[in-house]
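Note that the chains take the letters A, B, C, D, E and F in the order they are written out, and that residue 1 is the start of every chain.
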């Protein structure tokens, strides 16, 4: 199995989720994160003083999938989240040793 | 004799002016700081309100409003001795108990304004000690000078609702405080933006509404003077807000909420000394002047002087109050819709009187604040430790967190 | 002659009505939008308040309340010319400066109500341009028609505190605005829930309290009329709140906070035109009617019409105000506890007059709003870009974030 | 005859007291609970306000303020029958419609105070049923006893603004409620801290400002009595706040914001029954006593008794109100600055009368609350299910979330 | 060493933490996340309009443990967090190459 | 490639970020988390009642880097975040199989 981590633009979450559902990936876990990268932050100006906000709000998606599906999941995330603008984000893949569904105790692929 | 109508309005005004500090000013300032310091700001405002109330009873009121000398009152009204339930405040239709209360709300908000200079880095004990001494040494005497039968009032200085008494004293003291306390960590490059601009606006809105009590209440009666004072107050606030908005729009392309409401406060502070003397035209002019000059003053203090008067007490209140005090001499003239200068006083004369008022009070505020702070530094220290500042005053000074969502 | 008691109450009422907009309505609306747009809503309310204040001085008041023709006033009171500090507003015991101020707070809140129709997607410049033109073209003339000596007032239309002048104008204009601006992204399937229901309640509570100034202040004196107006206002608000709560409880099993306070506002809008004419029974009846009809109207507009009048300005204010205006003709009769119809006027007559008032004003509001918006579209555009909308107006239009926790 | 000045002040006071509950008390309590229950607290306060308003019209007012017997009024003023627009409330200069309204705001806040005892775990239906019955069975009769011509008033009990009527009834009933409902999950070891101390302070500030209407409004006129009542109210609040602050500072090294404002409320509750009778010295003394005794009572109830009166209604309101009622007998004497005891009444006599008042009302409140709750348990159940409590009442009872940031 | 990731119901955090303490696992890192899975979200109704909230609040626990302890930790989390209802969550295990305690520079098992 | 996870004190984020920038690591993702460990929480006292807050606010940094840089990144994070006090946090390293830049579709080291 693989553990896929995608950092994307917050407003691309809905399209990505819909695209994953379409290829039958229903489970995922989402976290709000702050991203630092090539895309730069912005300044806010209050009473003449500039405040530099150097991070950007991003969303992290984590999905556990069977190894055979990994490539198609990565591709689906990419195609549904790409806008072509800097800051679109990244997709990372890590090897996943085991998975278990808490409710039933099922393990591995059955647990996903 | 007590007039029920006048009394009704001053009872209401007293509630409105207390509302300005609690929670108005507290929210206005609280939204401007980081989320780890919000409770400390609210605590400063609350504790100051409570302490000043007692000190006002324990001599503050007496020093300001008993006869005494031209320089300061005496202690004949300590603990309100001699003031009965039915005693009328002379020259008005309201009970003296109520006059005491109304003035007390001014004595609360003035030191509370200074909070803006020392947020996010002061020791809590220092807040209390400083504010207490300041009430006796700066606020009460200056009030006596201007409103209590003292030398400035006798000179004919015009300060209807506290341009000098409230805003110049607080503004100048704030600058001295900021200078002696040192800047916030990271100032000026890396301070964090206001944690809750929405809260700033809510506080400003409450200040605006409460200011009707401050200025129109200062008429001490419910009639044409109060009506016109409310009107010019409002017009000045609206004008200065729009001025600030337009400047930001032109300069940065984006008018901000924090900006427009800062303009509101600038307009309110500026009209305050003139609010009982000028007409609609004066309201417009002072709003315009207040917006422009305070905007420029904010940049001046923070960028040029490099002093971290964190929430711009000098630039908004001090400069606004001084501007209004000076312009009152102009817009008081009848041809500009004002109530007219006193007999035999020329515009030039009045302007000089006003300038003396502003200058003398600014000087006294600066010197006295300096000395008080020297004492505070010895007694309990002024600045919190760096560790406490990093962790945030809410937890290190008060043991609480502002948000547990 | 100025009466201090009456003046005291209208000074207070003016403060209360300003408080309704700043911060009441701002919080009520602000809590209903997404967190990325809260500041823009607060900014709309603040900027409208400031701009309307100046326009009211620059002719708005004069168009509404100077003699002129039955259709519109003239400019004789432009900049309050001729109004002295001691001028009494005719037929009352309050200074005209105060009447100007009291009415100004109405001229502020009315265009601010329309904010609810265009939140989360309008350009800021369009807000200002639209609201300014709307004040001169819709609000001031309609006020003249009803309260300023115009044709509707002469016909004997009953509108004590602004069912027609405030709520019908705002409600109808809101619908036209919503239609021309287009819906929020995702409407109706995928809009996000209110970001802060607690804030909605706080705003509603402030509106409720402030409404005492709105309705009981419209008596322009402090006596039995004001007392009864306050009473029926309160009873209607309480009744409509409970009606809304019960409907939701029955329908969904869970009465919501946003629901109950929406009922409050519906009840307040509904009683407004009738508040000076009816008794406790009228208060109950109008609250009941307001709760039921506005609830149904909310569903009608959003689901049937499919128009994204986002915060239900038409359904709550417009429909409520119209309902109350019509029912005022019924509950004004003495046998139902009201002050009685005018001599020689039958209930049927009055009902027709009320209907003409509502109809004419609705029509004028719709047509004028349409034309104003066409102009605004040409001058500066109406709708923000999709990118700005997605990122949120707080940052894209004002350069700030609402929450930095 | 109606006096415009007095009426103006009571109109204002009515608005101020409504403001105490909506949104004052709602925010004060709302900030003290977990974020998953904030909306339920706001909902309780809102729904109680609406329901009590109607019940007050439907007989509540009549039971309290019509002649009837020494034990309870009759229904002659049901639906305000016989009260005309111009009817003056006897012995005052205000219309009876307004007296009805002013008293209604008391009838709203009193059951709303009890919310503090049952937050985070009660069924919503139980809130409504309990509060409604409680108004008729506890509040209205007790009001009659003290203010409506009943037996306690005839005995000469002193309760100016509701130490007995409001605070003892609510406090004692809260304890019985807390005991019967059972504690919050995790009490006392593992309850979560207040989710928003800033909100607690904002609510407390609004309560403070609104309390001016509560106490100074209870003079029912705008003169020396109102002025002095406002003064002593304020002094007591300030004193008790500082007392609480100092205790925490000494005990824990960190004075907290939640602490200081709890002291404020304790000081306000304590002065309430005495506020029309005592002078500045009495204000100081009652503030001191209120701060010390309520602080100790908080620890007593939660730690010793182990009863989860969650937001300390008994300890702050009940104990404060009782303390003030007893001390009123002392500080009413003229040598301590009070208005003096009635002719022929000794301090001892008065103290006994006060104690009887407190005791009888406490007893009746306890017994009646017990019986009402037994009934409520049968009709709709009292405590929400554990699952609902874990998920939070906001969602399970009202279908909403407080924060969607 | 292993890196164990558990997605659980928020109100099961305390029991899980206590159970882990009982088997001498004291360190862990917790994040508030939004879960998408078989358990469906809910609708909120405001003024007659339905708002679909399609995610559920969950809590993510991350624990680094020695490989020998991994099974017992997984089992402990499962048993202390299972309620038998849909949405109980999952446990994932990933291989952990190295660990370091910042304060001391200690590495591997010593760092945990 | 390696996936480096560091749990640090919140106020050390800026120094760490600056130190990483100095060694040319520009991309990273940051999450606010609650930490449980040896460093104990605190009590807050409200109205005489003690509330035990048993977690501490921490910040989690995740950085994907080429394997060759892993050691120096770990060392940089350590040295820039260590204060020597308990609760300074941990650094974990996991093997990263693949990375992709969404915008361009670039993979592996090019994607970082």
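Couple of notes before you dig in:
Convention: a residue touches a chain if its C-beta (ideal position, glycine included) is under 8 Å from a C-beta of that chain, and two chains touch if they have at least 3 such contacts.
The structure displayed is predicted, hence computed values, not measured ones.
Separation of chain A from chain D in touch steps, taking the shortest path, is 2. Counting C-beta pairs in contact across A-B and across A-E shows that the higher total falls to A-E. Chain D and chain F have CA centres that are 51 Å apart. We define each chain's centre as the mean of its Cα atoms; on that basis chain C and chain D are separated by 33 Å. Averaged Cα coordinates give chain D a centre that lies 45 Å from the centre of chain E. In chain D, 3-6, 8-9, 12, 192-194, 222, 252, 254, 256, 258, 399-401, 403, 405 are the positions where the chain touches two or more neighbouring chains simultaneously. For chain E, residues touching at least two other chains, in rising order: 31, 44-46, 94-95.
Every pair of chains that touch is listed here: A-B, A-C, A-E, A-F, B-C, B-D, B-F, C-D, C-E, D-E, D-F, E-F. Partner chain A is touched in their complex by these residues of chain B: 32, 188, 190-194, 248, 252, 254, 256, 258-259, 262, 295, 298-299, 302-303, 312.
The part of chain F that touches chain A in the complex is made up of residues 3, 17, 26-31, 64, 94-103, 105, 111-112.
Taken in their complex, chain A has these residues touching chain B: 44-49, 51-53.
The part of chain D that touches chain C in the complex is made up of residues 2-9, 11-12, 14-15, 18-19, 22-23, 26-27, 30, 38-39, 42-43, 46-47, 49-51, 53-54, 57, 79-80, 84-87, 94-98, 100-101, 104, 124, 222, 397-405.
On the chain F side of its complex with chain E, the touching residues are 2, 6-8, 31-38, 55, 58, 60, 74, 77-78, 81-95.
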